[in-house]
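Take a look at the structure below.
When the chains are written out, they are named A, B, C, D, E and F in that same order, and each has its own residue count from 1.
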Amino acid sequence: MSDLEEFRRYREMMNERILSAGNLGIKRFFALDSRAYEEGVLDVKTKEMIGLVASTVLRCNDCITYHTIRCVQEGVSDEELFEALNVALVVGGSITIPHLRRAVDTLDQCREKQRKGQAVKL
Amino acid sequence: MSDLEEFRRYREMMNERILSAGNLGIKRFFALDSRAYEEGVLDVKTKEMIGLVASTVLRCNDCITYHTIRCVQEGVSDEELFEALNVALVVGGSITIPHLRRAVDTLDQCREKQRKGQAVKL
Amino acid sequence: MSDLEEFRRYREMMNERILSAGNLGIKRFFALDSRAYEEGVLDVKTKEMIGLVASTVLRCNDCITYHTIRCVQEGVSDEELFEALNVALVVGGSITIPHLRRAVDTLDQCREKQRKGQAVKL
Amino acid sequence: MSDLEEFRRYREMMNERILSAGNLGIKRFFALDSRAYEEGVLDVKTKEMIGLVASTVLRCNDCITYHTIRCVQEGVSDEELFEALNVALVVGGSITIPHLRRAVDTLDQCREKQRKGQAVKL
Amino acid sequence: MSDLEEFRRYREMMNERILSAGNLGIKRFFALDSRAYEEGVLDVKTKEMIGLVASTVLRCNDCITYHTIRCVQEGVSDEELFEALNVALVVGGSITIPHLRRAVDTLDQCREKQRKGQAVKL
Amino acid sequence: MSDLEEFRRYREMMNERILSAGNLGIKRFFALDSRAYEEGVLDVKTKEMIGLVASTVLRCNDCITYHTIRCVQEGVSDEELFEALNVALVVGGSITIPHLRRAVDTLDQCREKQRKGQAVKL
């Protein structure tokens, strides 16, 4: 199983487990989280790039993997992604470099899938 | 002197002081920082909203004041700003709320200046 | 106006401003935030101490002021507060010491009000 | 070897290695750390929930694994744990979600051990 | 009263208040904190520069003021301080710039005192 | 392949990938990052210890592995490393303990290589 598939499997399994636990606050938080990235006066692509940069400066690898996949799904180009990541690098400093590596690694895995005609799924 | 003017005065004075100190690394960093927000494949407005959200989740008030002013200068609407801040709030949690207050306070001071026909300066 | 009153005035004013802006996500987040501290299987006092420690290790002064006031309102004793803050100090390190000072300063202002027979309000 | 056993083995081995290195400051810090969670005016169970929430908002997986195990040992119920984690989620935002998954995963491994009549050890 | 004097007064007053509260863990932590910067195989000057950089990347203004004063007391030159701060800036990113301003502002206040033949006190 | 070799392989591969992507800002940042640790008025050994402590309080494992290797290459002794890590532990708190384990684990792998007469490479 590839990294992306393992990421998806674990994320899906644990989210189901957590949402089935019956804590209403957590369920509502997950709903708010999804809605925050839906189209409004800002489009989804912009919001996903914002989410990626926020995840990078906060240095959360799983969040970076998630938003990189979402950016690819929304049609963000490589150049756009690198410009957004450059802002993250300048804001967050060299401490974000290992996470920059993770974002680019995920990007490359997504592009590889696209080259093979496979869907980039979450 | 208003908050925004005091912010500008101190920031300008200290930046000059720091850049005149002769440390080449710091000077180059300041140049990189400026260039990161210049137009590329992403436009300046998008980059400034990204900078604002990154500053909010990292909870840096001066950075929030700076990027809110820059967003206003780039024509970000109130609704766009609130949508970007909503992403920051969801990503960064309630711990960002005092910084959300600061961003909105700065926004209101900028709009007040605009209503009076005054320039919103940095 | 005392520190606590200025804190309350600004917090109340800006919360009203933000909630009247019409961003549904932000409104729902504020509601979730309030509900998280309501009585459940854990009592309010325990939740407020948890909120205080979380605010201290994340080093947010406004959040520390808020939860210290709430702890006092819920009847947390000085000794209980110091034990909770000791956990925060050990987890978060010396970088939290300026925030420990803020928490104790707020505590002392609350106790002063109580000695004078005044309500400790938010 | 299960995740929990690998966690315990590595933690124990490295703690011994570090404590045998002869740095007095580090030894004393480890002692202070242990004592912070001992019974005082707050009971151990409350302190361990505080430790879990602090670890979650600071997003430290090893600390989350440790305090989740300790919470289970102290008799924290699933509902209590989820309420504490809900506070962590609201305070720390969606960036804590991968760590929430880790906490619940650890909880489930502990409950599985208990169902089999095995001790939940550190 | 100057910034440095107000910083010293408040820090001293609150430390006394906290240490007199009778929480043994907190007292021991404060002792450990002091000892960590005493001469060992590393000299005090090196340790204070390390403390300053750690405070800067963690973005704690009071800690930055404290360690800048201590660096000046230990004879760190302006050039050494700027080189240490440059490492902090590169590691921590532009989000540390407001704190870099604070460090340099404190440095300038200390140098002003020295020019006047006054002691730089904590 | 050992941990250190896997770390080196992945770091080298991804850095090449990122630097070949054509984003000028990122390339310049990487150059600034390298230069920050070069000899100036502070020697390389001091700067690498500063880099290690900054990485530890910011809790970045890859950065800790990198700077521990560099410290060993620059002749930092075990006692010096533990004193620097003690400062990191006191500043950053128990939340840094898992990263302290990582630093010491890397140190031990480096010393093992040296005992075998092998180069400690990056």
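Just so we're on the same page, a residue touches a chain if its C-beta (ideal position, glycine included) is under 8 Å from a C-beta of that chain, and two chains touch if they have at least 3 such contacts.
Source: prediction; values computed, not measured.
Touching chain D and chain F at once are the following chains: A, B, C, E. Using CA-based centroids throughout, the chain positioned farthest away from chain F is C.
Across the two candidate interfaces, A-E and E-F, the one carrying more C-beta contacts is E-F. Legend: contact pairs of C-E compared by residue number with B-C, B-F or A-B; the interface matching in over half of them is B-C. Of all residue numbers seen at the chain A-chain B contact, over half occur in both copies; the interface is built from largely matching residues. The greatest centre-to-centre distance from chain D, using averaged C-alpha positions, is reached by B.
Chain centres here are Cα means. That of chain A falls 27 Å from that of chain D.
Centre-to-centre separation of chain D and chain E, using mean CA positions: 33 Å. For chain D, the set of residues that touch two or more other chains comprises 25, 29, 32-33, 36, 54-55, 57-58, 63, 79, 83, 86, 89-92, 94-95.
Chain-to-chain contact here is organised exhaustively, every possible pair of chains being in touch.
Residue ranges of chain D in contact with chain A, taken from their complex: 59, 78-79, 82-83, 85-86, 89-90, 94-95, 97-98, 100-101, 104-105, 108.
In the complex of the two chains, the chain E residues touching chain F come out as 32-33, 36-37, 40-42, 46-47, 49-51, 53-55, 57-58, 63, 77, 79-80, 83-84, 86-88, 90-92. Note for the complex: chain A touches chain C at residues 25, 28-29, 32, 35-36. Across the complex, chain E meets chain A through its residues 57, 89-96.
Across the interface of their complex, chain F is touched by residues 10-11, 14-15, 17-18, 21-23, 25-26, 29, 33, 54-55, 58, 60-63 of chain D.
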